[in-house]
Amino acid sequence: MEKRLWEHIQTVRQQSPLVQNITNFVVMNNTANALLAAGASPIMAHGHAELADMARICRSLVINIGTLDNYWTEAMVQAASLVQRMGKPWVLDPVGAGASAYRDATLDELLKRKPTVVRGNASEIMALANVGGTATKGVDSTAASNQALDAAKRIHRQYGSVVCVSGEVDIVVGEKKTVYIRNGHPLMAKVTGLGCSATALIGAFIAVVDDALEAVSAAMALMGISGELAATASAGPGTLQLNLLDKLYNLTEAEFAATLRITDEG
Amino acid sequence: MEKRLWEHIQTVRQQSPLVQNITNFVVMNNTANALLAAGASPIMAHGHAELADMARICRSLVINIGTLDNYWTEAMVQAASLVQRMGKPWVLDPVGAGASAYRDATLDELLKRKPTVVRGNASEIMALANVGGTATKGVDSTAASNQALDAAKRIHRQYGSVVCVSGEVDIVVGEKKTVYIRNGHPLMAKVTGLGCSATALIGAFIAVVDDALEAVSAAMALMGISGELAATASAGPGTLQLNLLDKLYNLTEAEFAATLRITDEG
Amino acid sequence: MEKRLWEHIQTVRQQSPLVQNITNFVVMNNTANALLAAGASPIMAHGHAELADMARICRSLVINIGTLDNYWTEAMVQAASLVQRMGKPWVLDPVGAGASAYRDATLDELLKRKPTVVRGNASEIMALANVGGTATKGVDSTAASNQALDAAKRIHRQYGSVVCVSGEVDIVVGEKKTVYIRNGHPLMAKVTGLGCSATALIGAFIAVVDDALEAVSAAMALMGISGELAATASAGPGTLQLNLLDKLYNLTEAEFAATLRITDEG
């Protein structure tokens, strides 16, 4: 699979897919820059009056609920419905799932539009699995990462989505197998929106790669490796932010092959 | 006090308080990153439907009126009312006070919710003292910094808030004394939102330090020292922005002690 | 003209004009920082209730339609009407012209308020020339840059605006002549919002320079030269973003004179 993941990275660079983003105010600049650095073409558009036009010209959709209000929620639900009907892929980032009843109600509406991919951290994925009543038992004493893996599998079964739980180890749950990527760096947690940038990259990869599990694995590998290489060259979270964009842009096949730590089971 | 200020910086790093921000579109990314770099956990949320949930889970609130419209104004007033009722601390950044009648009317509503802290530059604090009719005389020929100090004291008397006037010298006015911090660097004025970042840091410190005057002094010292050390290593305002985040993250006790210039009177 | 362009750059640094911006969520931070680095004073304000106050205190207006919705569209139309009536200069950035019917309808309303300047890339300017029925013939087989030049001239004739088509060569179309600036660097296309930053700089220059053609030429020369010098010192699009702000801030007359590649005809 390692070889194909690098090919997918090349495909994004060559095809430069147009990706629509309805995302949060905090990270818009970062995710647009991450998409550009990886070779994709971002468009940020949330106005109700142009959602149909945007769904038509874009190849995929990224929805991120970080800074919700009613206008934006309505835009997200409409846009997800549009791309679902057109058979285009889309990815959901359930930022802050579980933090408010409003977020959870919004996520319930969005999940009904069957996202191609869901990506969140462990606590978000566990909260999301309880939205829409997929939880079948309370959280028990098993380790947190196992709980999140269990939650990811339940979301996958109910909605058909490939589910990525990002963290120290990124876990990607699909139909036939589960992929584990052990790249990244602890300093990445000190920069806002790197998870959101990973989700945006997933949006670019599902636009050009049919196999969603491989698309997500390629996006997470690109993000984890670039962050890892950038962090070792950075004095803190400020410079990491910029070095990461540089590395997304100029990562080579040799660096990719030498740094990737990936396994799967299935 | 110097010793305790450093302890407060350590407390933020250790406790990582969750801080709600209703702030402006220009600086959201910067203030989230400043909070993360200093060790806090930012959450940006303005949707009316989740204000009550956010007030419940966060330990403090930051309100910044930089890019106002009616929806956001209403969110700010509601959120301030909620945390006031719950007895949680909050800080107000009156960006552009005096620039429009709309801003001043909004600030009047917010001041009635008795912010724990107010932070602005000299002209904003002077304009704010005239909101709500606290001005007792016209601006006379005394020096601008004295005028601002007088305005800060009047706001403190009327609303009970600790008031910080930031500038070449940062002045913090509290019940028992007034603190003067002489750190920072002129290049900091060429980066947008560093004042807003200082306010966000205040939000983190009032979440974990009971004495608001000390909390504000610690936040302003951290910001001024980090900016000063970062600026001397920067070629211009672009790199300063990133070096500042690095320094907020990795400032040491030795650097802090060697750079701090603080006095008080009272 | 080269000598005068440098003088205009100095004028912005000395006068520090207050520039109102109603722009998109993605680039607000970048354009505020670009204005500050170039010596201007940005204010971002879109609330309907304060548009009249802002028009009164600002010397020019920047409108950028990157992330439209009805509230923002209405703010843009109102603000453009206000400054038009007051005889103050304003610049329009038609981001994504042609991408949706909604954008084109909004642009039609804005063009009626006769922007002092319009700046876009070739495809945006060509799409814009078709808004409001200025197109007199279909797009034929002539080269893209010629098509864009033709479109720019038609917009200029119909609305009186100085029109800038930015790209590998920046073309500025005015009443008496057309200016060609051959600065910049391909890496600039990998950073989001640099076109928007160029537009913001134009906003600062038209605030202090009466001759709009010269104001636009000076702004585009400053942007192109700063970007070119910054890119040669950058490992990728991340560091370019910051180095560009540094260079906008510290560009010297000697660097400017040695790097500028400008011609005109007409």
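So that you can tell them apart, the chains are marked A, B and C in the order they are listed, and the count of residues begins at 1 in each.
As a working rule, contacts are C-beta pairs under 8 Å (C-beta built on N, C-alpha and C of every residue); 3 or more make two chains touch, one makes a residue touch a chain.
For each chain, UniProt lists the protein as follows: A, B, C = Hydroxyethylthiazole kinase.
These figures come from a predicted structure and were not determined experimentally.
In terms of inter-chain touching, the protein chains here all touch one another pairwise. For the pair chain A (Hydroxyethylthiazole kinase) and chain B (Hydroxyethylthiazole kinase), the fraction of shared interface numbers is less than half, so the two copies use mostly different residues to meet. Between chain B (Hydroxyethylthiazole kinase) and chain C (Hydroxyethylthiazole kinase), the superposing rotation on Cα atoms measures out at 120°, rounded to the nearest 5. Mean C-alpha positions place chain A (Hydroxyethylthiazole kinase) and chain B (Hydroxyethylthiazole kinase) at a centre distance of 34 Å.
Touching of two or more other chains is recorded for residues 25, 29, 241-242 of chain A (Hydroxyethylthiazole kinase).
Chain C (Hydroxyethylthiazole kinase) meets chain A (Hydroxyethylthiazole kinase) in the complex at residues 24-27, 29-30, 66-70, 73, 96, 99-103, 189-193, 234-239, 241-242. Residue ranges on chain B (Hydroxyethylthiazole kinase) touching chain A (Hydroxyethylthiazole kinase), taken from their complex, read 25, 28-29, 32-33, 36-37, 42-50, 53-54, 57, 71, 241-250.
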